[in-house]
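In what follows, a single structure is set out as C-alpha cells and then discussed.
We call the chains A, B and C, going by the order they appear; numbering starts again at 1 in every chain.
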Amino acid sequence: MRVTWASLLPVLRTLPWPTLTAAGGVGLLLAAVPRLADGTAAAGPALDLLRCVALTGGLGLAFLLDDPARHTTAAVPVRRLARQALRAALVAPPVALWWAAAVLLVPAEIRPPVGDVTLEAAAVGLLALAGAAAGVRLTDRPRPGPGVAAGLLAAAVLAPLLLPERWALFVPADDDRWAAAHDRWALLLAAAVAAWGLYGRERLGRRR
Amino acid sequence: MNPTVSASGLSLHYGRTRALDEVELRLTPGVTGLLGPNGAGKTTLLRVLATAVPADRGSFTVLGHDPRTARGRQEVRRHLGYLPQTPGFHPGFTAFEFVDYVAILKELTDRRARHREVRRVLEEVGLGEVRGRRIRKLSGGMRQRVALAAALVGDPGFLVLDEPTVGLDPEQRMRFRELIARAGEGRTVLLSTHQTEDVAMLCRRVLVMAGGTVRFDGTPAELTARAAGRVWSSTERDPGAKAGWRTGTGTFRNVGDPPAGADLAEATLEDGYLLVLDGMGAGVAA
Amino acid sequence: MSAVLSPAPPAADRAAAAGGARAVLALARFEARKLLSSAPVVLAFVVYIGWIGWRTRQSFAGYPALQDADRSTQAGPLLVGMAVLLSANLAVLRSRRHGTEDQFAVLVVPRGRRTAAHVLALLPVVLLTAGCVTGQFTWEALKPGAIGHGSPAELLAGPLTVLLFGAVGVLLARLLPVPSAAPLLSVCFLFVFVLGAFSFQGEGTRWLAPVVSEASTTPLPSDLIGRPAAWHALYLAGAALCVAFLAVLVSGARGLTVKAGVALTLALAVTGAVAQAGGDSPALTAARERATVTPEKEQTCVERAGSRYCAFPEWVPRTAQWATVVDRVRSLTGPAAHDRQLLVRQRIDARYGPAADSAIPPATRRDQVTVGTAWGGNRVPEFSTAVAAVLVAGSEAASDTMCDGRMVTVMWLSLSWQDDPVDALRRVRLDDSVSGAAIVLSPTDPLTMTEGQTDVVRRLLQRPLAGVAAKVRAHWAELTSPKVTTARVAELLGVAGPGKADSCA
C-alpha cells in the first residue's frame, strides 16, 4: 500500500494528460451544443448527444494505459493490475466531475434519465479500459491507445447497426425496451470489469 | 584525391552550448572513423553533414553540392545514405516494405528496378531470408541491419553511420564490419562509434572529436603511434598514470608519462585515443 | 503536384521535377495499398458492401424510383469515410509515432510531397466507393420495377464524402499530430453528420453537411425534386480538394501551385455552398404547383383494356402494373361494373418538396381512381382497395363516407385475388390487425372497417374464391346498394354475420 502512495505523484505525471484534456474538452463542447444552438432541441438528440459525449470520454480513457516507459517498468514488484488501477483511480474524480458537468450542460427539460445514461457512460469507459488492458496484455506495444480507440469507435458505430433486436443497447428513452436495454448495459459493465481484471494480470509462465 | 566532402568553419550552437566549433573536415572515399566521448559533438556533426540540421556558420560541400540552397540540399540528399543513432521503424511494415518505402523517398521511382535494388541491399545485409517478415518480429540486430539497408538503398556516394554497432553481439558486429568495409569500397563512409576496434579494423582514417572540435585527424596507425612509449606494465598501480587498470594477468597496464625504466608495452589505438582526449597526445607527436 | 517546390523550374531541373512527381506517385501507390489494407477500412468496406447487399435486396419493395434510389447510396459511404479519416490520419502520423521522421527528413522527397502522396493515396478508396455506389444504383436500376432517372450528382456525393473525410484526416494529422485527434473528430462528425441532431436546420446551412437526406416515402418526378445536387457535389469536391491542398501547404510546400490550388478550390467550395443554399426557384415552385393542382396537364395517358391510365411521364411503364390490379378487381365484380371505364390518375402533392408527406384529397369525379408514385409492398393492396371502392361506391369521395355492408364487398374485391388475402388484409390495415375495428389505408383518405365487417371479410377470405365470386356476381346490385347492411351481405354471401350492427362512430 505504501508503495502505491509513494508512486502516486510520479504516476500522476505520466498520465496522458493532453489526450485526456482534449477528449474532455471535445466532450464538453459537444455537451454544450444544445445551449449554444438556439431554438428548441428535442430529447432524442440529447440522448444521442450524451452518448457521443460518453464516447469521447471512452476514447480519452483508451489512451490511459499508454506508457512509453512500459518496458522499463515491466519488472517492478508492484503488480500490473495495481498500477493500472492506480492510474484509473487517479483519473476517476476528474472524470466523474467532467461527466457531471456534461450532464448538467444538457438543459434539464430534454435531459434523458441521468442514472441510466451514466450507466451507459460507465460501461463505455470501462470497456475502453478493458480494451486498453487487453492491448497491453496481448501486444508488446508501449502505446496501444490508437488501436484501442479505433476499436472502441468501430464498436460504437457498428453496434447500433449490427446488434440484433434482442440485444439492442442503443434504444430511445421513451422506448419499451429501455429497462431491458439497461439491464444489458449493466451486464456489459460487469463484463468489462471482469475483462479488465483478467487482462490486467501479467502472464505467468506455464507451470509444470 | 579530390575530397568527396569538405567542410570549413562549421559551427552550431544550442543556446549557450557549442555543439560544433569551427570544424574543418575533408573526407575521401573509404571508411573514416569518428571517435569521441559522449557529448563531443559527433552526432551533431553527422546530423549537419546529413542535412538534418543546418549549421549556424561555416560551409560544406558533398560531391560538389552546397546544401545551403534548396536545390543544392536536394542534390546532397540524392547522394546520401544516413543511419541515425536511434533509427525508427514502422513495426507493421515488413523489412522489404520499409526499405522499399525509403527507396521511394529517395526517388527511386521505377518500380521493377526499385524492387530489384531493395532485394539487393537486403541480400547484402543478410536479410534476404526474412524480408517478408514484419519488423515487429525481428530481433534488435536484424532491425539494425534493416536500418543499414535503408541507408544503403539507392547506392549513395556518401554514407553517414551514427554508431551502427551499438547493442550488437560480437558476431553481429563482425558481420557489420564486413558490411561497412564493403560499403566503403568506392564510397565515402563516415562512421561514428565508441568501439576503437571498429576503427582499428575498418578505417583508413580516423577523426577524434571533443568539445565540438576535431582534436585529431590522421590514420589509425598515426593515432596508435601517439601512444608509442606511453604504455607500460607494472605490478602496482602507477600514481603517475593518466589511466591504469589491473589486467587479467594480474599486472597493471598504465597509460601516461612512464617513469624511467618502465616495462613498456605495445600501444593500441585506444591508448592513443585516450591520450588525445587527455590533451597529451598532441604534445608527444609534436 | 509536380511543381510543389519550385514554381518555374529551369530546363536543367525539369527532369528532376518530373522525377519528384514520379516519386509522389510511387509513394501514393504504396500508401494506397496500405490504406486499402488497413483494418478500419477493410472492416468498413465489409460492413458497407454487406449493407448494400442486405438493403438493396428489399429496398423500395422492388419498385424503385431512380430519382430516390440515387440518394439512398449516400448513407453508406459515411461509414467508409469515417474509417478512411482514421486510417489516413494514422498513416500520416506513422513516421512520427515510430520515430522515423528524422530519417525521412533527410531523404529526397520532402514533407509537402509526402503529404501530397497521402492525399493521392485516397483516390483508390474513393474509386472503390464509387464502384460500390455504382453497383448499388445499377442493381436498383436493373430491377424490373424500376422507373425514373437517377442524378449523377447525387451519386457523386458518397465518393466525394469519402474524399473529404480522408483529406480531413490528412490535414488533421499535419495540424494536430496526436493519435487521439482523429477518433475525437470522428465522434463529432458522427454526432453532427450521421445522427444529424442539433445544427444544420436552416435551408442554407442544412446543405453544408456532406450528406443531406430527405425522409420521404412518396417519390416525386425528378424535375420536381429541386435538390441542388450538382451544386452540392461542386461544394463537396471544392471542400475536399481545398482541405487536401491545405494539408500540403501546412506541410511546408509553399509553392505557387499549392497556394493557387487552395485559393481556387476554396472559391469552388464557396461557390457551391452559396449556390446550393439558394432555395427553391420560382419556376420550380410553379412546376410543383402545376403538378399538384393540375396533374392532367403534365401527364401522359395510355389506354389499357378499356380503362385510361394517366401518369407522370416517368411512371408510364408502371401503368401495366396498375392495369393488372384493375383488371383483377374488375373481373370479380358483377356484370354492371365489368364494363365500367375507370380513369386511374396519378396524383401527388409536390408543393412542400421531397421531404413532405402530405395527404391527397379523394377525387370527386365518378370512376376516377387515384394512385401514388410509390409501388410494391403495401401500396398494392391499398391501390386495390381504392379501385374496389370506386367500383362499388362510384367515386373516391363517395367511398370515403361509406359505413355499411358495401365495405365488405370492397375489401373482398380488393383482397381476395391476392396471393395471401389474409396477410394482405393485415398489411392494408393501419394497426396490422385482422380482427376488430381498424383504419384501412388507400392512396387518398383512409376507409374504416368495423369489427363486424372485419369478421365477415375474414370469413369470406377463408372461403374458396370461385364460390364467393359467383355469389358476388349474382347479388351485385344489392351488394353495392348504399342501404345494404353488413349482416345482409354476410347472408347473401353465405357466411356467418357480424356480432354487432354497423356503427362507424
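Please note the rule applied: a contact is a pair of C-beta atoms (placed from the backbone, for glycine too) under 8 Å apart; a residue touches a chain by one contact, two chains touch by 3 or more.
Every value quoted in this text rests on a predicted model; they were computed, and no experiment measured them.
> Starting from the defined contact criterion, work out which chains touch subunit A and subunit B both, please.
Chains in contact with subunit A as well as subunit B: C.
> Per-chain Cα mean versus the mean over all protein Cα atoms: which chain has them closest together?
Central chain is A.
> Suppose each chain is reduced to the average of its Cα coordinates; what separation in Å results between subunit A and subunit B?
Computed from C-alpha means, the inter-chain centre distance equals 49 Å.
> Centroid from C-alpha atoms only, then distance subunit A to subunit C, rounded to Å. What do you get?
36
> Just curious, how far off is subunit C from subunit B if you go by their C-alpha centres, in Å?
The mean C-alpha positions of subunit B and subunit C differ by 67 Å.
> Hey, what residues on subunit B touch two or more of the other chains?
Touching at least two other chains: 91.
> Mind listing the subunit A positions that touch subunit C in their complex?
The touching residues are 18-19, 22-23, 26, 30, 33-34, 37, 39, 41, 44-45, 48-49, 52, 55-56, 59-60, 62-63, 143, 145-146, 149-150, 152-154, 156-158, 161-162.
> Can you tell me which positions in subunit B touch subunit C when the two form their complex?
Listed in rising order, the residues are 50-52, 70-71, 74, 77-78, 80, 82, 84, 86-91, 97, 100-102, 104-109, 111, 114, 147, 150.
> Any idea which subunit C residues touch subunit B in the complex?
Against subunit B, the touching part of subunit C is residues 5-6, 13, 16, 19-20, 22-23, 25-27, 30, 94-95, 98-109, 114.
> Could you pull out which subunit C residues touch subunit A in their complex?
39-40, 43, 47, 51, 79, 82-83, 86, 90, 97, 178-181, 183-184, 186-188, 190-191, 195, 197-199, 201
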